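Chain naming follows the written order as A, B and C, and within any one chain the residues start at number 1.
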Amino acid sequence: MNQENLLVGLAGVLAAAAPIIFAVLGETFSERAGVINLSMNGTILLSAMGGFAVAYNTDNIVLGFLAGMLIGALVALVVAFASITLKQSQVAVGFVLALTCRDLSYFLGNPYMGQAGPRLQSLPIPFLSDLPIVGPLLFKQDFITYVSFIAIILAWVWIYRTRPGLMLQGIGEKPAAAFIRGANVNLMRYVYTMIGGALIGLAGPAYSLAIRAGWMGTISGLDGIGWIALSITIFGGWNPSRAAFGAYLFAFLQWLGLVLQGVFTQVPSQVLQVAPFPLMILTLLLVNIGNAEWVERTLAAMPENARKIFAKALRAMRASPPAALGVPFDTD
Amino acid sequence: MNVELKNIHKHFGKTYANKGINLAIPAGTIQGILGENGAGKSTLMKILSGFIQADSGGQIILDGKPVTIHSPADAIHVGVGMLHQDPLDFPPMRVLDNFLLGRSGGLFPNRTAVARDFSLLAEKFDFSLDPDSYVDSLTVGERQQLEIIRLLWLGARILILDEPTTGISASQKTKLFATLKILAEQGMTVIFVSHKLEDVEHLCSQVAILRAGELVGEMKPPFSTTKLVEMMFGKAVTLGERLTAEVGDAILSLNNISLEDVRLKIKDVSLDLRAGEVIGLAGLEGSGQGMFIRACSGLVRPVGGRVQLKGHDLTGKSYHTFKNAGVNFLPAARLEEGLVPGLSLTDHFVLAEQPKGIFIDRAAGEKLAEDRIKSFNIRGTPLSTVESLSGGNQQRAELALLQTPLSMILLEHPTRGLDIESVIYIWAKLKERCKQGAAIIFISSDLEEVLQYSDRVLVFFSGKVSPPIDAATTSVEQLGQLIGGKGWPEKGGSHA
Amino acid sequence: MLKGRLGAVLFQLIALVLALGFVSLILISAGASPMEAFKNMFTGSFGSMRKFAEVLVTFVPLLLVTAGLLITFSAGLWNIGVEGQIVLGAITTAGVLRVFVDSTLPPALIITLAILGGMIGGALWASLAGLLKTFGGVNEIFGGLGLNFVSTALTLYLIFGPWKRDGVASMSGTEPFPDHFSLPQVPELRISLWALGIAVVGIVFVYFILQGTYFGLKLKAVGKNFRAAYLLGIPTWQYSMYSFLICGALAGAAGAMQVTAVYHRLIPSISSGYGYLGLMVAMLINYQAIWAVPVALFFAALNIGSIQLPIVMKLDSSLAGVLQGVLVLFVLLMEGARQKFVKKA
């Protein structure tokens, strides 16, 4: 493979990761506030279909993206209402929505199947795109891919550098402590769940109006992406930069799968495309194993020095979810 | 700032946590609030700090002006800051972020300016806190220091501290007391909530004592420990005669066991327990007795030493091994750990019998349940789910789950929250077990109960364990002092 | 009055009305008459014996999966990996059949072995999620999802790799098995009474485990309060593992039915999404085994009835999924509303 092909391939990886990045960032915001939005898989499909339908009917691509975000925010509102106000299981409601929204997208999207609609064009940035290597890699992308770059940075800065972002961390970590610092915990949970939902909803049009333009129903190949994004959120340890790394790694491995298919012609492409999954399970195992009870008992049986070293190693690997994830907050 | 509380009431359901409390605290005072667990201290302080609201009718007056406090944010706005017993901070975040959160300002906090304020305040009180370290790497004492300067930075003029000396080191305590004295001299009002007599006597310029939700007395120095203890624990109730069963064979033998968790370390405790004997564990909550009783049941694995049951070494074995050897543990959190909400009494009794077979014998189960319900005087039917029972009946149900025969029964707060009749009833049942050859270890914060029903008592204080004390020749005052950290040998091991 | 059982029924009726109303709105927005759509779905599923037989073909795996999930839900586990467990059941069944393809053993024995193999395959796959949960601290939802993807990859690998059709490998699956490797079917209809029997045995088995055995009682105790169950002397993590194994075996049996009674080969989407649908059924019946049969039958009927829609009304058949999902959603929401209402009153 020559250098030019490689660059084009890698640039494609960055673009292919864009929707996943939106979804993972959205889920990160939601879970940081303490709400698991398990509906992601369905939300992405519904917003992909809805975004395409709106852009197709209005011939306005921007409205398409906005429609996707609105759909995402509305689905998230249902999750928030059910879990925060009605105190129902977030997992149950999210899961039902994941399936329902998927089927709803197939049903409502039926008339748009295979229609040619608007598509986001590549938007090379003057001067920057002429730079060697980084030019074709970073600056010959379409608009939404640029947005994904910026979104990672903004999300990171928001969570770790701004005052409300720090409070967001606090709300998911220890709502009571956020409350004594003046935060309206449940309102903020609504807000962040919906903002997160809007970001997840941006992932849909990022497919249907850009990377895989058009609506193809069940053969769109979008079913399953939400579940992948959910795992990447955990892999990313609720940190936007680590999550983005996960999304790029995933897109890269999938691309590698396609490339390798040329080499290992007997192995079907679908197999190589799921290669990241065993890897992901392994990662989840490493970050979670410190929580298991038998580990604790084994530690107690160790001599003092070994105990300290192992406890430290486990602590370093552990990616702890926000401590109040999924836990309703009441002041009395 | 002058603080006046007038006619404060607070009820949860049918029980009153605070009942008509009136208290005046002039500026510059270090006010002690004493009382045993559940006396209503925390509720009162949560009301003053806006975490919960009092029932209508009462008043909070600051410097002569009545104020309404609806939230902690309101409270700090009028100058009331509270340091909670479990520090309300964010462990995975940095010290500086913890410090600045809660103060309003622009989107991007000016970290340099905040860091400057932070180090100024830290220096002023001689706290060595690294603003860039993470809170979960700090000791409880350091987390307190962080909260104190945070509240001062927010403009607190009244500082409430809830059990601040639990879990901190001696040098941190000295520093804390010095800090509080400086603050009081500067005209701040400090409210110091504790049940540690020594700390209160050492620090406070006046003390109010709460018992069962009511203010039962106030005192100024010089303090009389005897009187404080009497007010805290009230007059003795008659619990009937002391019953001592015949002491039989050795049941449990602890040989230099050491335990540790994140907060506490217990070192080298030894104990021999014989059939028919009852040992009471006294101490403030979280002083190590919970970990100790769990180690006696195999739920916590000791990091050193040996545990023997009837001569068999069970060190490091699981609770189920202990259980099969005749040990039962009844935890304090009845619906969280002891019983299964959603299952009926019959289900519980059937499960506790460790049924063999495959198919449930319903008739036998219901008969068993009816028998138990009758003999343990439980108000409920075999089909009642456990969460539908009252606390006392849940406790009786838990007792009814004990297997027969047993070598050792471990109980955590077996009578907490129960009326006196239930207490007497439950202990009669337990003493019966002693006669049948069981040994009992129990935790209680009711000193009367401890002295009344134990043969020997172990007192726990911040991980230290006293030698076994003969209950027959000890008084509530003596225990109270030990619990409050008085009268401990300066150095040496804690061989029980 | 609204506090008791009657209140619960009332709130569920409201949920049903709301769900039907919501779906009607969706239909109207798609330019279709709701009444006509519902009528078509009804005739599409119960209109003829042949159609009803199709409903039963769907009902069999769905019921088996639901039965299995009732066990894991009782143990307090969200076994979302059930999809993969169906797939592995199908794969092992197909694998066993392949081994005996040239054998002279009686076909009945081979089919029995294949179904048992499928159950073992599903159980082992479920045990992976269980091990990850028990010893690795990995939540069963995420472990299960990951394993689902791996199982899909495994299917594709087999179809396009070692088990590919002579000549061309394709998405249509492996070479069909000879006819004598199929469970006997009712003449003219696609339904196998043997498969139906196995499904009924499955749900009855689960019903009795949960209602009448000490094992089931212990499982419920573990699911409702893990800590208290341990103190009561129940080996808790072992019971979690048993529940995974039983659910996996039943899901594996569903996969085996897909191979031996429906598709007669391994195809890429062999699970047909029945795993996720089973989760919905279990949620809708509030984990009560007694309701599994009617609700699973209803959901199966919706699936089959909706096949009519593209032909007759030019609507997508995914309306069935929408209706099922919206129904479960509103039941969950109304349950939340009821609890809030009761608490206030």
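Brief remarks follow.
Heads up, the rule we're going with is that contacts are C-beta pairs under 8 Å (C-beta built on N, C-alpha and C of every residue); 3 or more make two chains touch, one makes a residue touch a chain.
Please read these numbers as outputs of a predicted model, since none were measured by experiment.
Taking B-C and A-C together, the chain pair joined by more C-beta contacts is A-C. Centrality annotation: A (chain centre taken as mean Cα position, compared with the mean over all protein Cα atoms). Summarising the inter-chain layout, the chain whose CA centre lies farthest from the centre of chain A is B.
Chain A and chain B have Cα centroids separated by 43 Å. Annotation: 48 Å between the Cα-based centres of chain B and chain C.
Chain A and chain C have centres, each the mean of its CA atoms, that are 28 Å apart. Multi-chain contact residues of chain B (touching two or more other chains) are absent. Residues 49, 51-52, 71-73, 76, 82, 84, 88-93, 97, 100-102, 104-109, 300-303, 316 of chain B touch chain A in their complex. Those residues of chain C whose C-beta lies close enough to touch chain B in the complex are 212-215, 217-218, 220-221, 224-225, 227-235.
Against chain C, in their complex, chain A makes its touches with residues 38, 78, 81-82, 85-89, 91-93, 95-97, 99-104, 106-110, 217, 224, 227-228, 230-231, 234, 266-268, 270-271, 273-275, 277-278, 280-281, 284-285, 288-292, 294. Residue ranges on chain C touching chain A, taken from their complex, read 26, 29-30, 78, 80, 132, 134-139, 141-143, 145-150, 152-153, 156-157, 159-161, 169, 276-277, 279-280, 283, 314-316, 318-322, 324-326, 328-329, 332-333, 335-337, 339-340.
On the side of chain B, the complex with chain C involves touching residues 319-320, 323, 329, 331, 336-343, 347-348, 350-352, 354-355, 357-360, 401.
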